[in-house]
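What follows are several structures.
The same chain A turns up in both complexes below, where it pairs with chain B and then with chain C.
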Partner chain A sequence: MDSALIPKGVERCPLGRFLVFIAVVGAVLLWGVVAMFLIYIKGLNQTNMNNAYGFALWIWADLAVIALGGGAFFTGLLRYIIGKDELKNIINYAVLIGFVCYSSALLILAIDVGQPLRAWFIFWHANVHSMLTEVAFCLTCYFIVLTIEYVPLMLENRQLQRVTFFRHLAHNMHGIMAVFAATGAFLSFFHQGSLGGVSGVLYGRPFGFRSGIGIWPWTFFLYTWSAAACGPCFTILVTRITEMATRKKLVKDNVIDLLAKIAGWMLLTYITAKIVDTVYWAAVTAPAMGFTLLDFYTNNPGSAYGLWILIAEVGICGVLPALMLVSASVRRNPRLLFLAVLLAVLGACLNRWVMILQMQAVPVLPFEKWFTYLPSWQEIATTILPVAYGIILIAFSYRYLPIFPQEPELNPLPEGGR
Partner chain B sequence: MFPFSFEWVWDLGHLVFHGALWYALSILGIGLAYCILKAAWQTARGEEEGHGHP
Partner chain C sequence: MDQPKNKRYGMVIDLDKCTGCGACMVACMAENNIPFRDDDTDKLLSVSWMHVYRLSNGKPFPHAEECFLPRPCQHCEGEHGHSPCVSVCPATATDYDMHTGIVSQIYTRCFGCRYCMAACPYHVRQFNWWDPVWPEGMERALNPDVSVRMRGVVEKCSFCYSRYQTALNRAYLEGRRELSEEEYQTACTQACPAGAIVFGDLNNPAHRVHQIVKPDLAHGGRPRNPKVFRLLERLGTHPKVYYLTRRDWVRRAGDNEIQKT
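Coming up: the complex of A and B.
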């Protein structure tokens, strides 16, 4: 029924099965939309945020998806600026994943601001001394870049390609994509960094505060570095999941291997810098403010933030995947590669959790106890909402757009196929 | 956001922040306008060589 829209040389599941899948994911999306409207209508009292937790589940989700969406800017940088030509076979998917991640981040922010009608104040009445102003500027501009990168992909739909203007437009946009990719890399460097800078400059929060260079704390550089390392890991992870779901090979092994190798070395250098930063913070920065390392990891309810979380973030989800990814034999093993990129992705998410939620949980004054927080169902539903949206957008894009240039070659149709 | 806004101050902070914002927006705007206008020109002239990826 929709075969005229499906790209040439590839096969897709029957429309009925596709629509059932969309309906199932759509039900989850609808749950999130109900929660979103509840929050819009009744306000932020629908959340469990409080005076201790001004940043909560939403901001963690925001920072996590922005870090994981970093695969788009870093793959674009490698492909268009550094000239890693093999990556042209995965750049479309990296852009799509980045588009999903950044649109999700903006959606979550639109819910989180409480009064979306005043969201434009951050541009009009900008506080030029705030890291978050820079984040808002760069996030918006980079989302425009991702949209510009996604549009030519949409224009390559079989039916849209029949329109001469769209064909020329897609061709022209691809022609100067390096300019957009360079702008995207510039913007990403600053907003990823500024997100890290937000916790790093909080001198009233010794758990997050870091020294640094000039006005930039070390977390500024660590966040950008981790996004460049873990973003491509997320691209590989989602590609593998898509291959499992479609039961097809979509990208050749040499492409995945190259991206995984670069991500591995980025992760290894990042985690080395992270360890140095943590040691310096534990030995110098925190003691100078009257705290020891164990003050941040003991005496909290249920040991939710015990030393285990530091070991999990830096060791199991940092050093381990980095060592795995730099090993050629591990990269050649699909199961081990999957495990390595999964751990790296979990590491980035855990890092953002620690720097946002643990930072606020830690008592600062002598008479304070650990602050606890459990998100409401509305917060959980609106955090799952972008995941459902992302799955639906990826499903539609995969079905109707030539996302994977190597798919026809890797999955030749039988004689008489489309 | 604009120099005619009442709270605008000609200091380094405003120049760096807003300068970078307008710089990025200008590149994106000019790039996009170039692509659209060129595509419209090519379509009007009846050119046929556009095929997505160059």
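Coming up: the complex of A and C.
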């Protein structure tokens, strides 16, 4: 029924099956929307946050999706600025994933504030000393850039291409995409960094605080670095999941291999810097504030976090995937490659979890105990909401837009096909 | 008239005098129109600008001792007014007043991002998880000088700033620019039956708070009196709330740095 909208040279599942899939994911989306309205109407008392846990699941989700959405800016940088031409075969998908991640982040932020109608104050009464101000400005600007990058993809729909204006617009936008890729990389450097600075500047919170250069704590650079490393891993992971879901090969191995190799070296250098940062923080920064390393893990009554989380983040989800990804033989093995990118993605998520959730769990006053927090169903539903939205947007984009340029070549249609 | 000199309002709380009666908390709530709920047992969800902690030396009888530690906003000065919370607020909804040393909160500008709460190591910043609901008739007993806050914004102790404004207005009408020590006192100070709280200008040698603390103003107001300490001195937040005690274990309990050395 919708065959006129489906790109030429590719095959899609029957419309009925597609709609059933959308309905199932849409039900999850609806669950999130109900929770969202409940929060808007009744307020943040619908969450399990409290005065000790002012930042919780949403801020973690925000930081995590922005880190994982970093594949868009970094792949764009590699493709348009550094000139890695093979990546043109995955850049569309990287941009789409980035668009999903950043729009999700903005949606979560809009739910997270106590007075949503005043959210514009962050621009109007901006405090230039605040990391969140920089995050808000750069995030908004970069989302506009991602939209500009996504628009020509939408215009490549078969029916829209029949409109001369849209065809020329898409063509010309593709022509100047390097400008937006450079702008995106510039903006991403700052907002990824500022998100790292969110906890890094909190000198009242020795667990999160880091020394640094000038006004930028080390976490500023580490966050940008980890986003550049783990973002492409997420792009590869989602590409592989899409291939599994569609039972088709969509991107050639050499493209994935190149991106994985670059991500691997980024991850290896990032995790080396992260280890140096952790050692310096544990040996110098925290003791100077009156804390020992174990105060943040096991040295307090009711500790919710053990050293295992540090080992999991830096070792299992950091060093291990980095070593795997720089090895050509691992990259050639699809299962090991999948495991490596999955671990890298989990590592980025774990890092954001630690820097937001654990930071607030750690007692700072000597007579306080560890704080605990379990999200409410409304928080969980609104965090799953963007995932459902992302799946739906990706499903529609895959069905109706030529997202994967190599798909027709990798999946030739039988004689007499569309 | 001469321009008034910059003040550094601060407080010293004698922990050996405090009995933990809670009068300071009650006075604070009444003075500042602090909302409460039918069930306010979860203190992590309730609002109390002044919170009294109960500390124990952890020893068995007959050596067991307890201490009550009232904790208002510490009005941190940080470095050049960059208190932990002020520098992070993205909407400039909180401010460090260099003329008074008071950290303010602009409720109508706060949009409830709660970054300041994450930044404050003393947990003095609290969020209005609910809209305030006053018992029938109580709205007529609210303090008209203090605005009530709505759901979704952060609030905290202001050192009864409305009292400062009222006292200053009166002084201006009388042709003065300077306030005497007794003209501006916080509600908790006046309510404490044990006289454990002393409030005044740390910059003014004539004020009792200055005489007790003997602040080293060149070093962020560090106390020169060995019996006086501040919470988490090593963080460099330079709070303006000081604690006085003769008991070593209390001093250790209040500062993790002392605890470990």
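Throughout what follows, the second predicted complex is superposed on the first by the 412 of 418 C-alpha atoms of A that agree within 3 Å, B and C clash if a C-alpha of one lies under 4 Å from a C-alpha of the other, contacts with A are read in each partner's own complex, and residues count from 1 in each chain.
Everything that follows uses one rule, which is that contacts are C-beta pairs under 8 Å (C-beta built on N, C-alpha and C of every residue); 3 or more make two chains touch, one makes a residue touch a chain.
Keep in mind that what you see is a predicted model, and the values were worked out from it rather than measured.
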First, second, both or neither for A:Leu401, with chain B first and chain C second: neither
Chain B versus chain C as contact partner of A:His168, first or second or both or neither: first
Touching partner for A:Val179 - first (chain B), second (chain C), both, neither: first
Partner chain(s) touched by A:Leu258 [first = chain B, second = chain C, both, neither]: neither
Touched partner set for A:His125, first chain B, second chain C, both or neither: both
Which superposed partner A:Cys141 touches (first chain B, second chain C, both, neither): first
Touched partner set for A:Thr133, first chain B, second chain C, both or neither: both
Which of chain B and chain C A:Val198 touches, first, second, both or neither: second
Of chain B and chain C, the chain that contacts the larger number of chain A residues: C
First, second, both or neither for A:Leu187, with chain B first and chain C second: first
Residues of chain A contacting chain B in one complex and chain C in the other: 124-126, 129, 133
Parts of chain B lying in touch with chain A, wherever the complex brings them together: 1, 5, 7, 13-14, 16-18, 20-21, 24-25, 27-28, 31-32, 34-36, 38-40, 42-43, 47-54
Complex interface listing, chain A residues touching chain B: 123-126, 128-129, 133-134, 137-138, 141, 144-145, 148, 152, 155-156, 161, 164-176, 179-180, 183, 186-187, 190
Residues of chain A defined as touching chain C within the complex: 43-45, 49-55, 112-116, 118-119, 121-122, 124-127, 129-133, 136, 198-199, 201-206, 288-292, 295, 359-360, 364-368, 371
Chain C - residues contacting chain A, complex: 42, 44-45, 53, 55, 69, 76, 78, 82, 84, 87-93, 109-115, 117-123, 125-131, 150-154, 231-232, 234-237, 252-257, 259-260
